[in-house]
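Order of writing sets the chain letters: A, B, C, D, E and F. Residues in each chain are counted from 1.
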């Protein structure tokens, strides 16, 4: 845990073996993201990805008021891409280069969560606006507390969401009529509605119970072969993005080495012996 | 409105500011499509797309009996691709060239609706067969009246739907088991079933109420920044069709200029001042 | 039927005209797949695809205990990719080449079902584990009996599913949160849950009634124009895998010859005459 | 020929049967392109594509001084995208929408040449700057006169070429080191250099001889089966843009009808009889 | 060698260790391909691919008169796709299905050469028409004898080449102006011209010397690590067909197991010891 | 220049305004790459990309003996991916994860050169083996000194090149027969041969003259509008990797803001006034 003690806005705890619980930890600001927050967010996921003592990550907001209220608009207004700060009398093409740089840095930090090879279980609760959806789209499994209040809020501050929601949401929820409705209208939607369209796959009574459900799921995943679980994540992401023919070939190449792990004999033996298998670190 | 008065089969009205209501207007023929109808359909969407006084389009059929009964089979039987008219003693390759030309012209007119950069809210009601589904697939948000009777009817006239349903439906509805069932069997399905699988995102009691719901949605969208709303449409369509990595890059390039609009400061100011923002034409 | 009498593990019957019922026929082993089983599975689908007396295939397991329990783990343990048999002292790269070969052979046999140009209606019932899901993903229409017990079981034997589930499931079910949950946790899910997320499109009381529903669907499809039905299957698969623009073009090229079939005039005439059309073999 | 008499800047003649010679006809302005010129360019290629009396198009500039000097910079300076005309006090996002519209209209007109299903043989001579390269990239066969002076000139007026050179050149010339050199430096290159890198495939002494060589090639192509020649163009373009697997499948679908033309028996018979075959119009 | 003795039209010899020389062996018919020939061609490449005693394949025609004259037109005229045999009174769509089947079978046999994981060095000599080019496009390294007479001949029998030339040639030769010229005109081109445009990479005086050069190349390749050589073939083919980003990722996954072969230490040791390394079979 | 003084293996000088000359600076080791070298290589290109005082980069090796001898095999043998160091008794799947990580880190550092938005002119001289080709493939313009000795050397140490050569070379040189020959045989090739196939676009007498030619080219590029030059690089790279239709659209979006730079009016004015334009930093 000491390894994760230097972050200011990210709190990491280890509620059970191989399970890390990451909290966005800026509750007084409703866990809103200024630039230092998203830089830490990228770093902590890089570190969790490299840490062979971590097999599953549970992500939530700290406190009861918000998963995250999204972009810290006040900060954005006084620094960075939206403030025009330093842009002075640059022409639009030169401003665009700076803006592109800012957006890609921001995207890169959030995408680090998707690139992390371990499963990430995301607990959405209370205020879950704007960037909350970009982040949730990078998770593998999404759970919501009944009090979650969602909105793809960006249109209401005059912009199209650019940190990942529009790139990923049409691929991870089945009904594009619903996707376009919520993205273009910026209207609120509830946990119940999120469940119905398949954006989240479970809803629980309150934050505490949702976190508990996420930790239970995480513990079960952490007991499985990490070669199998991480391979499954990689291959599902590949399958979503590529043609079936390409995905079948990639799968064969990937598994041609994964099957040489010790995990298959361990798991098979445990099936026959009915004893719980243990798996080497990965 | 005068600008739209020359169409024979397309009626355009402006129920509220920035909102156009387009009706397929051939009620005596159940709004069925012959070639002149689809040529006008393409033209009117090109015009609506270019008209900076229009920010949202609501589409419905005229009258209570049909959104559209689809292809005007009688007309098709006496002219154009299916009639064999003029094909005389051409060999199959030469006939194929003509057929390809006809299909691509027809596809091009209907696709004009998807290419229109403004959101299109589609009200499906009563008879909604065959081409009705091709058209609905080009909409952004789909609403249905409870009396809507849907079918991907083409198989019943001996052909695979070729104006867009088979290209788009697997991407806009989550359950391919359902998609293949309705497309291969040509069976009817109800508004309720359409809602359940996510083909439409709302069902209302009757046509009038559904049109009203669509107009309300449209009005809300029309009040938003058109730079934000149209960018959201563009980026969601791009996200559906491309890999996540490509979509993130395209988003950054797109927003590098969109963020230079006056809309972001206007919207931000309105957030702080709690006054409704106004946005320049686009 | 004699043409199909040489298979040991595949039983083919013809319950109605143009409809073949294929059963995985190894009930004493819960229809589990060893290498001879999957080789026959590939062959029988190749044969059904080429047989112009077959227009629709219904697939189920033989007996009441299982659709299939998946890979025959005992056999796999003593032969083939997972057993290490013959691999002796090969280095990992050389083992990988053999494993890749085994996986691609196995994938190839199962994919033969998707490549079969006729619609395949899949009846899932009782034990439906592991490979059952890979197979179901290759079907066009999926029905389940209420007693179906599903699991993407592979993680529990230490591997990522590599026969198609991970390549296809994210494209055929709308909620990726659910897809990742069941694929990474290997947990059971019921027919009811499968229906809710759209993995299957109907649930019936028991196996007999589900088979009957599948045969009814199959009979209806078998009465339609095979040019229209098989074209619809081809174009929906193409639409799922390719961009909309590419799919529209492919559709135009495909239909430029399909529309020259005798089926369109036959079908149109039957619409006007209200008599059932008949269609030539394909 | 009367059919082509209404163009102001496009001259079409018919030097031999089935061969059209199109000249960019604004010699006093070095055949430079203002908006009316590119609109006509798009129209004439649409018309040539639809004209079944045309099987091959030869394209050159009128007069001896230029194929084309490219964009008519004086006109561009006083109207359209580069002039800022009418853009007044629009914000950069709104200006961008107008610019995007202008660029896509211009691209669309030039791309019409690539979309024309007949082979286009392009004769490059004397001044061949800027847009000359965008246009040449849309041709099928490129010939140059020894006096041709080429340059991808756009960088010298402060912009990246946006009418097609940068999208197509890396796919039609083998050496990207050369491609990047000429595109980034805007330096001149000669017919000889163009031949050496494969941008053109023949160089002749002067314009007259190059036109003659192009017409000879065109006459030979015009004697072949138009089903075969136009199919070859379509499939080569598809092969350049798509994976081999996709291209093989598309080829099979395309030829499944093309082979039903009367052209194959005609051509085969002529092989055996040593008589020149004739082919129906297409 | 006995293993290869059952072929009628394919002769396989083993001129040096790990090197197979495959000859198309129907010299009295100028090595023309009827259906039995291409079925054997596919089979022999499948066998060579699986044979761990083979590391490189050299392909030539038997006899001095031809590599191959291409399709056996007389046979084609009396059977199969072009003869209309058995097609009787089928409608064009039903004929098309049969034609598609024939083309894909034929393509599949020739593509087997590209799918073979070992390098194939192709010696082109004397008559090398039509199918000769489709075949050569599947080779890795192409050498020509000075007497080679090439033509993409298909247009002259009224069809677009459909066995692979049009899908592959634009990707393997840099100058599309040249590619379109030879494919649309069906004109002859010489070994010298083939060298200049990069279609072949060496020309030798006569067939004997070219075969010798090919065998020398083959012997050198056969001495290298087969893990390295076959991986290089796989990754170059992948690089040609996919984006750079995808190819880099695929390379990393592929080499993550290939680097665990014994070949790297063997090769490194030989670098330091200056002794020739030996490599295990693959 | 002080900004670049902390690198140990990278020397950066500024021979003329806006032109940076980067030298791989480890001449005693023939500029071979160990891990610290490639980490610096990535960093320096990130810094050059961000430095608005740099418009063009010239890359060469330090000293006269080598551009680079490639991977530092001695270092690789005692640390990192090829040494097996620390891999101990890991199973092949766990080793593979570590290897994948190493390869992707190494690829990422070299790819930084391609991602740098400024043109990179690469001077290849003397020993230019293995990694030299991976690096050269990331350059925009490649020049060679007559003494350059090239080889894609990786096969000779038992591996397929995995740092980019196999992903990029088939896309940047026209003749795949040549590409496969040099990549599979690991044979040497000369500057002359590299010129002939288009791998480099100029050859000069010796290193000094080649560097001078590169600096001259760089100076000319540095005088141009950086908006135009960098846009050209971006759009050519995009055109190489994407379909023409996608590239045209991306071009329109990109230029919709680039054309709003002050560079177009500056450049146009200079065309009319014949005075050299100056351009703002980018």
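Assume a residue touches a chain if its C-beta (ideal position, glycine included) is under 8 Å from a C-beta of that chain, and two chains touch if they have at least 3 such contacts.
Note that the coordinates shown come from a computational prediction; the quantities given were computed from them, not determined experimentally.
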*In how few steps can one go from chain B to chain D if every step must land on a touching chain?*
1
*Among A-E, A-F or E-F, whose interface repeats B-D's (more than half the contact pairs identical)?*
A-F
*Considering chain B as a copy of chain E, what rotation angle in degrees (nearest 5) results from a C-alpha superposition of the former onto the latter?*
180
*asked:* Quick check: how many Å separate the C-alpha centres of chain B and chain F?
replied: 47
*How many angstrom lie between the CA centroids of chain C and chain E, rounded to a whole number?*
34
*Could you grab the centroid distance between chain D and chain F? Build each centroid from C-alpha atoms only and quote it in angstrom.*
33
*Considering chain F alone, which of its residues make contact with at least two other chains?*
92, 95-97, 171, 173-175, 197-198, 227, 253-254, 256-261, 263
*Along chain D, where are the residues that touch chain F in the complex?*
73, 77, 81-82, 92, 95-97, 99-100, 103-104, 107, 111, 114, 154-162, 164, 166-171, 173-181, 183-187, 197-198, 241-242
*chain E partner contacts - residues on chain C that touch it in the complex*: 90-94, 96-97, 227, 257-263, 280-282
_Residues of chain A defined as touching chain C within the complex_ = 119, 139-142, 171-175, 197-201, 217, 220-221, 224-225, 227-229, 231-236, 238-240, 243-244, 247-249, 251-261, 263-268, 271, 277, 279
*asked:* Per the contact definition, I'd like the list of chain A residues that touch chain E in the complex.
replied: 250, 253-254, 256-257, 260
